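The following block contains the structure, expressed as structure tokens.
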Amino acid sequence: MKIGVFICHCGENISRTVDCPRVARVCESYPGVEYAIDYKYMCSDPGQNMIRDAIREKGLDAIVVGSCSPHMHERTFRNAAVSAGINPFLVEIANLREHCSWVHDDVEAATQKAIELVRMAIEKVKRDKPLSKINVPVTKRVLVIGGGIAGIQAALDTANAGYEVVLVEKEPSIGGHMSQLSETFPTLDCSQCILTPRMVEVYQHPKIKLLTYSEVVKIEGFIGNFKATIKKKARHINEELCSGCGLCITKCPTKKKAYNSFEEDLAFRPAVYIPFPQAVPNIPVIDESVCMYYKNGKCGMCVKVCDRGAIDFDQKDTMLVADIGAIIVATGFKLYNIDKKAADSKYKGYGEYGYGKYRDVIDGLQFERIASASGPTAGEIKRPSDGKVPKKIVFIQCVGSRDDSKGISYCSKICCMYTAKHAMLYKHKVHDGEAYIFYMDIRAGGKMYEEFVRRAIEEDDVKYIRGRVSRIYEENGKYIVKGEDTIAGMPVEIDADLVVLATAMIPQENSAALARTIGIPYDKYGFFNEAHPKLRPVESTTAGVFLAGACQSPRDIPESVAMASAAACKATILLSSDTLEREPVVAKVNEDLCAGCFYCKKVCPFGAIEVKDVKDMNGIVYKEVAYINQGVCQGCGTCTATCLSKSIELAGFNNEEIFAEIAAL
Amino acid sequence: MNFKMDEKIISKEDLLKICQDVIAKGHTLLTPGMNEYFPVKDISQINLNSSALPAKTSYKSYVFPRSEPVLYYKRSKDDVQLIDVNVDGKNIIILGAKPCDTNSISIMRHLFNWDYSDEFFNLREKHFIIIGLMCSHYDEYCFCTSVGSSPVSDKGSDIFLIPLDENNFALRIITEKGKEFIEPYAEYLKPGDETRSKQVTENVKLPEVVFDSKEVYEWLGENFESPKWEGIGNLCLSCAQCAFVCPVCHCFDIVDEDYSYSEGRRMKNWDGCQFGNFTLHASGHNPRDIQSKRYRQRVNHKFRYYVDKFGEILCTGCGRCSRGCPVSIDIKEIVSNCKESV
Amino acid sequence: MDKEKWEPKIVAFVCNWCTYTGADLAGTSRMKYPANAKMIRVMCSGSIDPVFIIKAFERGADGVLVSGCHPNDCHYNAGNFHARRRWDFFHELLDFIGIEKERLQFSWISASEGKKFADVIAKVTKDIKTLGPFTAYKKMNSEFTAVFPEIQEVVKETIIKEKETV
Amino acid sequence: MEELREYAKELLEKKEVAAVIGYTQVSENRTKPIIITDPADASKLVFNEYCLNNLSVYLTKARINAMCRTKDKIMKLAICAKPCDVHSIVALIQENQVHRNDIVIISFNCHGAVKDFGYEFSGENLASKCITCETHKPLYFDKIFGEEKETPKASDAALARIEELESMTHEERFEYFNNEFDKCIKCYACRAVCPLCYCQRCITDKAIPRWIESSSHQRGNFSWNIVRAFHLSARCTGCGECDRACPMDIPLSLINRRMAMEAKKSFSYVSGRSLETPTLVGSFNEKDSDELFM
């Protein structure tokens, strides 16, 4: 085997601390090395030409390039090698820049290390096998999980590109948190007004199959070839027959049996309900837990009034299976529960603010409902306890967010803006009211955001107090807010009529469980992880799964929408070809030697390993062996290390190659 | 060589003095312990007990190490440099070797000097001095008498000891090598009394002769396809305990192992015929693919092929293989019952 | 004096996605760390076999570092979880056999933790320097070093060790 | 004993099983494995304190399994297993080597076995595994024989030895184990008798690339013994056959026991005790300790 070694100076980036000519000289003396040379910029056109020419002239079989990180230019050099007729997997990169010249000062030590790094690459490339890309077919359908604004946007963009979409929403209606908002910052336009047309568009789109009141329970398969199992929860209303007239709702005798979660528990709803008037689909749901029929078998008022016979008490949960090519996860967020904490929760509550104890200490979404024209107060600002118009409101920012002691270190990003919005909405409706905002910093990065906050301060006379609130207690129908003004350097005490807490955005309940179902990583809070924080922000590390909106980290509406469109675009790129090319770094079983213990199957994170029967001459199965579906295998190699008899090898990183690297150290 | 055997008497005390001197001279003195023949550091470790059980392993590894380099190599750009291994010719004196061990080396010598003369073996053997000790122990696994040896046989020894009483041994000088060894210690030797030693050896209880090796030879030739092999093959678990504790099994494997990308060595390692991959070809074909064929090979090699080739049975009847077999396969039983129907 | 001159040989097995990239970041950020550790890139910490570590010790390594993605951060979701169990046993085994725990160290280093990478390499190098050469294991190679005196390192180290004991 | 023989005979006569793997007496204090296919031979079966072999090792042998597959019928295998051997069978079932329905487990009420052949059964000569044994009744079986009897008492010398070793310095321990491993002649008897060493090709036989040096010099012996112990970590059920088989008396099961202690301490797992619990290898818990990692 003839190996060529090419050492790059990277201008002076490498050559400043590594004696590149010496590295080339020493490497030329190693067995198997036919040609070695150093050059100022290997990645430049002349540099690449040097490689091509050397391959042709010297008849090289494989090359080693000592340069920057393979994450930078591996592809460049592989392409150069391919154009000169060498398999791309017979190219090895020794990382002489990031791992050597940039991190060491001593020229001798760095040069010595560089020689060893190149030597390792030489020994590896000697054992490298030529590999070719793997082709897998693509199912042209996208699964969007979550029907908030991000999911809606992603579904519409994908469907408009001509691909089928399955949109799964766990609530009875799509719309998500955006449908609960009164107005949106920084324009103060009506949230419902801009959202509802989108929701209807989704409902009517011929390419979108909408599954509300449904949950994804299982994802199998791999990029281009997922299989999703979706549980459609029983609505007890036949969707085909229901006309959405709403008669069942108005006639239901259990008027105020349950808290209305859409109204953030500020109102009640009957057992049969739609979450809100603009709900899509406009089909009610019967809540078994409060319905009289399920309690004692009597009532059945809805059955009597429904002239279409759509009520179906016997309806059961159903399972649907769909073939899917790509998945967009847009499950959104929920608000940090301020005090009601389960025993095993990683978050600590805010007992000192009296949320849950005082009815007039509410969170941001509750204030949205109070301020909303369609809300429980029809848009009039009234406090929940006695319906009085509050004359003094205290808003507290960063409740939970940026507070290590409560378990959340991050900034929830949107609270500065929506609190300013809340204060403005209040001032616009209650002209003689006073609004105080306790803040830590004001973070108003975004188009027209800073201006918006300034407007609140300057035009609407919202009083910003920099500092934290230590305690809230009730006294004569007032809420005494004790805090400090760190700018004035003195304690503050405000007797408020209503307190609004801007609580942190946290991931949806069970986000970790969903992540495991889909097979994507998540951070310690439960937000899903992107593949690369900067360059691949909407992709998960699992190929074919994309992220949109606040399920990845706190996002406002424009960002969620932008992410959703980006994710849709990524998904459509994937679906635009009939087959997928995959890196051939996959594992393979030596079936003759496999003992069939299936530890590999147990550890495979992707379910790529199947059981294969081996039969004797009479057709009787005498042995079971592992078989790796090359389309599913992602090439992590966990199976190779688990295999006790070493009957699995990972192409491109096989054990012979790694042993050779160890021996070359 | 016209060497005449000579018999002397030596006291135990004097014998130990010789040992002391041997150690002081820097020679290696081996003596049997419970598990193995071990190099004596202090003469108090020496236990010249003729009724002791044979050590679990023989001293085979001192003449044919379980693993030894045969050459070192160093790769350079265009060449491979080979470096020879020098075997140091250090004298090894084995004191108290059991008669079933003493002739092991002479049996193996045939093989190591057959088509190729193994200089490592020969050099080591040349520096061996074997002082045998009559054996007065036997258990259910011993069958030296069935393979033409006996507990009182001095075959293979350079010097042979017969305990006359608690403190005195008859010392039989058998070979030139033995004579050369003992000559410097002539002062310790008293005139021998062959009648006395004969009296002792004649009173030794011998293991019963359980088979006739000629009959076994014949049977093996005629029963290559006997169903007997299958029965044994089903039980045998394919380890090489039997081969590795055997004083005369001599199969080896050659492997190259590297230290780094450029340096390495070629090793000669013990190999066992019961291993499944012993006869595995590079093509993937394995002529002895199942255990019954491998066990058949083992018995045939010992009692037929070796006899054909070198005129000796490749077995000393020490019974180590059966004593240690994890599934209690007893070669003596198999061979002596060979004619019985399955 | 000699001991100060001695430089340990350290092998680091790192995953492609987190630690290798974290090391890239350390480079991009021009952080400095000792040059003793050489990295072997594998796809996932889950694919690192304990035999790799044995091989490294056999080839004269004084210390080994194994590093992958943080839990829940694995590019392959769960490779590092399986690795974690594996290493728990292997580390315990080596400890029982008599190999100091510092000879084989483990870390989780994410792609954004360039600083942590530099710190970990510095720490491991320092630990191994404190322990000194892995003479106990290297003695097994004494036959080799007798034939190839150019594998000097080992010879030198043995001498140092002997000096120390005097 | 007669019941056992009758039962085995019946199984064979009815052709429910292709063979009965059991024990037969060799001499007073010694038994050996026997594979019975002829009902007439069932009378050779015995069970007593001298039945040392863990016969489950035969369950994974291709040649034994081949006996079960005849052209017109697939038969089961019957195996005599002490309660501790049943642990091995459980582990084999979990590792897909044996299917529960393919075997008939004939087990016994057990009150211990001797440490090796040639010893008289007593507390002093009790096998190490019997001293700490908690399953005198098998956890899984199809048929059980023998009466319950008290196990002789003995002190747990192996545990004391482990504690003694752990109190040593690393250097001393390394020295100790290196010397022990140095004795290894690589006859692989430990591997051959181990029911869980069922690999068709052992890692140490993998030549390209060479995983473990086949030479039995210090380096090769060291890596073989480490890898053997590691591969059995959290899998070994503690039958102790390796100890009995080793001609060089290397304390193999001592290391196995130490690793089993780790499995119990860190993961509350004991291998081969339950068919329902997932194996420790091959599963994980997000809450596993992160202590090891910087």
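Observations, loosely collected:
Order of writing sets the labels: A, B, C and D. Residues in every chain begin at 1.
As a working rule, a residue touches a chain if its C-beta (ideal position, glycine included) is under 8 Å from a C-beta of that chain, and two chains touch if they have at least 3 such contacts.
What you are looking at is a predicted structure, and each value in this text was computed from that prediction instead of being measured.
Distances from each chain's CA mean to the overall CA mean are smallest for chain C. Computed from the mean C-alpha positions, the centre of chain A lies at a distance of 35 Å from the centre of chain C. In whole angstrom, the spacing between the mean C-alpha positions of chain B and chain C is 45. Separation between the centroids of chain A and chain D, computed from CA atoms only, is 48 Å.
Between the CA-based centres of chain B and chain D the separation comes to 32 Å, rounded to the whole angstrom. Within chain A, the positions touching two or more other chains are listed as 592, 603, 642, 655, 659-660, 663, 665. Taken residue by residue, chain C touches two or more other chains at 59, 72, 78, 82, 86, 141, 143, whereas all remaining positions touch fewer.
Each of residues 201, 203, 210-211, 213, 217, 281-282 in chain D touches at least two other chains. Viewed as a network of touching protein chains, the structure reduces to a complete graph with every chain in contact with every other. Within the complex formed with chain B, the chain D residues making contact are 26-27, 30-35, 53, 57-58, 61, 63-64, 117, 185-189, 191-193, 201, 205, 207, 210, 213-217, 220, 241, 244-245, 247-249. By the touch criterion given at the top, residues 69-71, 95, 97-100, 102-106, 109-110, 112-113, 116-117, 120, 512, 516, 519-524, 529, 532-533, 541-542, 585, 603, 605-606, 634-638, 640-642, 650, 653, 655, 658-659, 661-663, 665 of chain A touch chain C in their complex. Contact residues on chain C toward chain B in their complex (touch as defined above): 59, 141, 143-144, 147-148, 151. On chain B, the positions that touch chain A within their shared complex are 75-78, 258-262, 284.
Only residues 62, 65-66, 69, 71, 74, 95-97, 198-203, 206, 208-211, 231, 278-279, 281-283 of chain D touch chain A when the two sit together in their complex.
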